[in-house]
């Protein structure tokens, strides 16, 4: 599973991307967030306030209940501010 | 319909871009967004999600083309380090008539602001601040539902 | 606010006009109208009422500036003999934010169409026809009342 | 009084402008139209259908009941089609 982090999510976690193999039972974006939060204070900080966080699965905006699998690309970022 | 999406670090000129869009169209509506120099911003850093940013823009262009009869759409979005006054984004829409061109141009800008995968960081001296999304932009995009 | 109104027989380029407008503005909305080649039009003759045409445009720019906070407006309107594909009119509006820039640009176009003293004659071979005013343009202008 | 004609009004009347001194009693645009209509077939043709005609007094759009005087500039034209 490929993970991507952008803007302050990237800064808090300290990297832009990583490959992870979450344990069995991580079936949704929300499960993944719970798993990542336990990995360290940077992750915990990045995922502390889910109201400020957005996610994409395979480059499409996704809710936290979206299902995910090993071959997916999951991204976390703040609400977008382009244009 | 001719579609062009460019995400680039290099600055762009309006003349050549728009000159090409004009060919054969009755109406051309454009929007250009610039880095505002107010509040002492020295640099605007623009980050994007390569792949997703282009996909979102393409999706909104498809949506616009389903709503209105369009002849061409060009979207250019800069990323990287920008200075006050520089152009960030160009949305240009060619159509036969002005109503469609204006509507599609505004539709695309509203959706670019709220769903395209770009993030802005303002730099003032040594201080940096991520720009927060605005409720007014969300409301603008909701008008089109 | 910087205002520029030009009525001219010469063609104009978009690049230099818009480059200057962009300075210091967050948002620039533009509209360009072109001679459509459809229906076999060979030439479009544009006649105007010198003096009154400029006054009407200036009046609408003043009205727009009272409705929205604007930083600059440029209107260029060609007269004389135009060929299919040529630009007839440019309306460019600079403002701090996109909503005002879009609204004022569309407001100005709608009023240009319905009150500015210009008349179009289409020429096909030896046949000439004065273009008739469209009810859709009147309705577009009425939206702003 | 300076008169200006544009588009097909100009073509029907056969000139773009002229100076006239209408008789006493011509106090409004409508009076002027009545006076001009009697001047010849070109004028009569140009002013035959007032629903297709527009007027300006001193370069401002004016209704047919607008008052006019000797020093005014009056223009007649079809509905505008610029932009």
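First chain written, first letter: the chains are A, B, C and D, and each begins at residue 1.
FYI, a contact is a pair of C-beta atoms (placed from the backbone, for glycine too) under 8 Å apart; a residue touches a chain by one contact, two chains touch by 3 or more.
No experiment lies behind these values; they were computed from the predicted model shown.
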| item | value |
| --- | --- |
| Where chain B and chain C are represented by their mean Cα positions, the distance between them in whole Å | 23 |
| Centre-of-Cα separation between chain D and chain A, whole angstrom | 73 |
| Whole-Å gap separating chain C and chain D, where each centre is the average of the chain's CA atoms | 26 |
| Distance between chain centroids, defined by C-alpha means - chain A, chain C (Å) | 49 |
| Multi-chain contact sites of chain C, meaning residues that touch two or more partners | 33, 109 |
| Arrangement of touching chains [line / ring / star / complete / other] | line |
| Contacting chain pairs - touch in the sense defined above | A-B, B-C, C-D |
| List of chain D residues in touch with chain C within their complex | 4, 6-8, 56, 59-61, 75, 77-83 |
| Interface residues, chain C side, partner chain D - complex | 33, 46-49, 51-53, 55, 77, 88-89, 109, 112-121, 130-133, 137 |
| Residues of chain B that touch chain C when the two form their complex | 13-16, 18-19, 22-34, 36-37, 85, 87, 96, 98-99, 101-102, 105-106, 109, 140 |
